[in-house]
Amino acid sequence: MSHTPSLGIITPKLKASTIVSMLKKGIRSSGRGLMDYRQVEIASGYVRNADGSALVRLGNTVVVAGVKLEIGSPYPDTPNEGALVVNAEFMPTASPTFEPGPPDENAIELARIIDRSLRELKVIDMSKLAIIPGKRVWVVYIDIYVLDHDGNLVDASSIATLGALMNTSLPRVEVDETGNIKVDRSTRLSPLPINNKVVTVTVAKADNVLFVDPDLDEESVAETKLIIAVSDDRRIAGLQKSGIGGLTESEIMQAIDIALKTGSSIIETVTSKIASS
Amino acid sequence: MEKPKLIKENGLRHDGRRPNELRPIRMSVGILNKASGSALVEYGETKVLAAVHGPREIPQRHLLLPDRAVIRCRYHMLSFSTHERKSPVPTRREIELSKVIREALEPVVISETFPRTAIDVFIEIINADGGTRTAAVTAASLALADAGIPMKDLVVGVAVGKVDGVLVLDIDEEEDMFGEADMPVAIAPSLGIVTLLQLNGVLTREEFSEALRLALAGANLIYEKAREALRDRYMKVRVEE
Amino acid sequence: MSHTPSLGIITPKLKASTIVSMLKKGIRSSGRGLMDYRQVEIASGYVRNADGSALVRLGNTVVVAGVKLEIGSPYPDTPNEGALVVNAEFMPTASPTFEPGPPDENAIELARIIDRSLRELKVIDMSKLAIIPGKRVWVVYIDIYVLDHDGNLVDASSIATLGALMNTSLPRVEVDETGNIKVDRSTRLSPLPINNKVVTVTVAKADNVLFVDPDLDEESVAETKLIIAVSDDRRIAGLQKSGIGGLTESEIMQAIDIALKTGSSIIETVTSKIASS
Amino acid sequence: MEKPKLIKENGLRHDGRRPNELRPIRMSVGILNKASGSALVEYGETKVLAAVHGPREIPQRHLLLPDRAVIRCRYHMLSFSTHERKSPVPTRREIELSKVIREALEPVVISETFPRTAIDVFIEIINADGGTRTAAVTAASLALADAGIPMKDLVVGVAVGKVDGVLVLDIDEEEDMFGEADMPVAIAPSLGIVTLLQLNGVLTREEFSEALRLALAGANLIYEKAREALRDRYMKVRVEE
Amino acid sequence: MSHTPSLGIITPKLKASTIVSMLKKGIRSSGRGLMDYRQVEIASGYVRNADGSALVRLGNTVVVAGVKLEIGSPYPDTPNEGALVVNAEFMPTASPTFEPGPPDENAIELARIIDRSLRELKVIDMSKLAIIPGKRVWVVYIDIYVLDHDGNLVDASSIATLGALMNTSLPRVEVDETGNIKVDRSTRLSPLPINNKVVTVTVAKADNVLFVDPDLDEESVAETKLIIAVSDDRRIAGLQKSGIGGLTESEIMQAIDIALKTGSSIIETVTSKIASS
Amino acid sequence: MEKPKLIKENGLRHDGRRPNELRPIRMSVGILNKASGSALVEYGETKVLAAVHGPREIPQRHLLLPDRAVIRCRYHMLSFSTHERKSPVPTRREIELSKVIREALEPVVISETFPRTAIDVFIEIINADGGTRTAAVTAASLALADAGIPMKDLVVGVAVGKVDGVLVLDIDEEEDMFGEADMPVAIAPSLGIVTLLQLNGVLTREEFSEALRLALAGANLIYEKAREALRDRYMKVRVEE
């Protein structure tokens, strides 16, 4: 059952009201403007044993995403395409409020938001991931681990996912006459085929003020968030209202406009950082 | 399965509806005996039962909050409600939707009235033909009202889709499966807020804006039906007294 | 571990003793006689996506049962027969005392009582459910959900199960030369082959009085129950003493006689209601 | 496997027993050191260990009852006790039998003596050759007595079967597997009540009546052995003192 | 998560300090000397339905181990060899502190210690357990159940395991032309092929005194234990420091010498008892 | 895969190290923001993150002890840290190692300082190339120190192996997989005690004695690096102040 969360670590009331009153003046405790995104750092290929990986720092939020390619069966309705599985875990290292154990509803929601954005935009060219068409295909496992939590986990995870996918390469496979498949991970044939790029942009709302990329303190005062997946060609590739409150029609349209603008600049940043790494 | 034609040459949909037309909608309130409140809501062949227990004490005392009631919500599909039999193990989809539906209801429930209690909302999808989460919001909202929980407004939902390039209201399973986008929306009309919004698919800014307006219009029609169902319920109670 | 249950919602002591003292005079709070069964209503085919279904109201108890036919492997010892799986869940909608989660011992016991009655009497003609003999057969999944709980869940579930099975039809299947099976649910070939009919009849005992079809209040004062599966040819197709107390040999024989009589009349009612629906 | 002939021409069973004959039955009481009470019961090759802890306090305080002890019971099969290796995950059969066995014991335990405590009964099937649940009732009953729990009577059990059309007492695995009916029965002989009764199979009223009488007769024989085993135990304790 | 255990049944402080002060004088409450192992009794073939079994009493500790042979697939890296699975459960019959449920970390550790000792020494000749090389092999399941707990569960389990393996025989199998395998458990072809024998010897440390085969009271005062697997040719076939404390290098070497001596005598005892049974 | 040659003719190992040579070792302390203490430790390509929360109150009050803090520890591998993707379900290996690592840390933590609290140690294996449990002990020990938990000593670990008949220090994955023995060891050097000792493989008494000495020597080198990393951390904190 999903239940109203108790605030994990309660932001003291005084601090909370200060944050809100400053937000109403357009000022954030970190000195950022309402529409300023925190700095993004990417360490591409951070994990040797992954087929692709990226460690992302978004301010003090740290996420590592890794891709593993495994040989599996295709879905019955797409026999000639690869398959995708996205998981996320909030590690107990990231916050004293995170318990070890299977993903909770927040981690599941995060994984599914990212999964949908990749799937709907066809970010990965699945048609190139069949090994024996109709029988054996690459299954792309994306695992996302939040290591340090200072807010906006969805965007940080979405950036780490994009980074990991762009870092992924296909190992060489040999299929013998009896259909046995041998994977040789020491030889890399080509990068994972990518059609499009996507990131999410999270717009938070507190006391009728909209602002992007909330940190942990700001999340504790936000009534709700709109998470907007944005493609490199500036389309909306997914939406999720997340959190207790509501949004007016005009707030939604404002948030969309903010996201479309911010999203494409993040995609550019990620692309150039990975190219130069 | 091959994709069928979803918009026919006459502009009508595969089941004969116009793009902005709802399916037949039925609602009955107060149909269970042991729950504090209940409702059965049908959007076409989608059939959703919601029951509310509470406000009540619960053994999981660590969940309780000092200044308000905790809302707990479970969205659950009966195994035979779907085309393929659904395994009884909760899916990640069910877990996500339980959260999304709870968050759609939170803004209207005046939970401060009952601190240190739980209000439990159980949603059973009896038959799934598209739009189950939005029908669930409507049913849950009616069950909460039937339980006498104080509320600022009813929340009602409906899904908009893009099929064969056309934006259509209240999509069914076939339109969901073969369409290009599915956008469930729930609103609290008197409060003027959207409390559930998801998009599964890709839309331009303009398409989105149009889709949102289509959803709001459809939800307002459902809102009228929901208020009527509640009125019927109260009438019936009064008559029974 | 099974443990002595605490009474979920305690029937107040005064009410309980009133119920018992009236039972001893042969009177029930509902006005029924000791051997009167509550009225049974059946909505056959209630669930469109099921291959067969029935919603049953037994007084204020509401149960929905559905049948799904899936293609699977036969059991190794009956390679040319279909297979049967019966599950039951007590939904939290049915009672404030029911928690969501996997079936507890009561739901498991209920499902197994019904499963055994179907299996031992060979209610479904499993020999007609092979698709590719020895390899692929129909697996008949019966899922039972208790939606509203006013006592005697086993009988209500057993009636709903019989109703759902009588409502079930086999979809058309095509087997191609490579052994692939295509199911076409839009075309229905024939009803599920039924050999016999069975229902359970529950006889409760409180303070040495026997009575049929207890409602929830009556269950709370009953020491024990004997659940008797009765076939359409008036044989005993299963038994289960359920609950804390004991029964004398003569009470058992009385209960059997009650059940054999009541059971056949219920089967007739169900059959005629379904025929006329 | 093909069904073997279960009743031979001379009217005897596959293992040479007469229809109304028990297997060799062995019982030892008080064989474990750390349990409050224990017993090992064998019906032929069926071998069952029961241990009792309590009455005792337990961390699961929400289970406790104000006016009596809670009885908790687990029926569990060791993985190698069956023909095919049993997976360690509890089966639905084990869960049902834990309940049925607990309910067979409840009528004789004077649980009012120890309110707000638990009496825990753990049953381990070491080797399964038919009749495990009834041997389990007998073993549990002896272990409760060994633990000094006040009881109105011992409960003892035995299964009756119908094989090749003949009603037979104390069926083994082969008779269970290839027979037409299996009816486990447990009784508290001094109280004159049946506390466990199940039937897996189809019987006419007359067959049932005869089967029940056969079971009662067999159970009475086992009751004598059980009382003897308890006497031996007390003698041994007294001698050791 | 693993956590510092609370002592299940606390040995009263006075008793504990008596045990320790006696140990320092080389005396044990049971009258044993520091290097005296308790008497070992073995009932070989205790469980009829197992393919091999042994019930072991080590003082008041009772363990039953059973072997089941099932047909399964080989591991990909050893296609022509059988496979081994070792499980252990601490039954609630054994101690009021043992809860029913899946194995806890102590039972898992025990099973893995025994698994490693068997595997590393190649106790079972796995190369003789292929049925259809590369496809179907015998999987040797060893299940260990602790029935009564008076200390030193690892050694008792290790002895029971050795006893069960020595009691195991291979059933006859027939492979037909289509690769179907029929197992005939009523005919036994040959004993399970055993290369070597191994047992563990546990040396405990309390207040700087080392002693073997601790009973339950002694375990409650011991700071730590060193569990040493010893082969019949007096080699070290595995080690595990278990428990909270530490050991000096010289204590470790002493413990090793104790174990090598004790272990070979236990293996002899077990072998002769099984031969004579 | 076929076994590669692990010791070359010149006596060096497959990666060019001498038998008694460590891999490049890197440690950074205090790298996480929300944990009480943290450390990242790398032995070659083995990469381990440890975080400590506490001493703190926990909801699981039944675990707390009246005279000391409870130490809780989880060793966990990220799914992509291994050659084959690791399933998210905790393995028996992870459960065992969580215990073994906790027991390696217990002797140095002065847990009496914080009765009725928990000190939680979370270890994440980011990349596994052999020696993960010993690197984990080192990382956990640094994270505990970073959290300001009073300790009698640091615990540091290293694994020794036997490969192609030669005893070698700080084995990597390939040496572990194709070697004859793997012996992880952790020590508290100032206390002069071994707090973790396992052996997976078969050794003679003499081989073991030599292997243990090799491990102690290696661990002492790592101890120096660990103390240096802590000093750097304190310097940094002081400078930042």
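Think of it as A, B, C, D, E and F in the order they're written, each chain with its own count starting at 1.
Note that in this section contacts are C-beta pairs under 8 Å (C-beta built on N, C-alpha and C of every residue); 3 or more make two chains touch, one makes a residue touch a chain.
From a predicted model like this one, the values you see are computed outputs, not experimental measurements.
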### Message
Keeping to the contact definition above, tell me which chains border both chain D and chain E.
### Response
none
### Chain located farthest away, centre of chain A as origin (C-alpha)
D
### Task
Consider the two chain pairs C-D and B-C; indicate the one with the greater count of contacting C-beta pairs.
C-D
### Query
So, what's the distance in Å between the C-alpha centres of chain E and chain A?
48
### Query
Where the centres are mean C-alpha positions, what is the separation of chain A from chain D, in Å?
57
### Query
Quick one: chain A and chain B, Cα centre-to-centre, how many Å?
27
### Summary
By the touch definition above, chain F meets two or more other chains at residues 74, 120
### Query
Which positions in chain C touch two or more other chains at once?
1, 100
#### Entry: Chain contact graph, described as a line, ring, star, complete graph or other shape
ring
### Query
In what order do you meet the chains if you trace the ring from chain B in the direction of chain C?
B, C, D, E, F, A
### Summary
Residue set of chain A touching chain F in the complex reads 46-51, 53, 60, 62, 64, 66-68, 70, 87, 89, 91-96, 100, 102, 141, 143, 145, 147-150, 185
### In the complex with chain A, residue positions of chain B that touch it
1, 63, 65, 68-74, 92-93, 95-96, 98-103, 106-107, 111, 118, 120, 181, 183, 188, 191-205, 208-209, 212-213, 216
### Message
Applying the document's contact rule, which stretches of chain F touch chain A when the two form their complex?
### Response
32-36, 38, 45, 47, 49-51, 53, 56, 74, 76, 78-85, 88, 120, 122, 124, 126-129
### Task
In the complex, go through chain C and note every residue touching chain D.
1-4, 6, 77, 105-106, 108-109, 111-112, 116, 120-121, 224, 226, 231, 235-249, 252-253, 256-257, 260
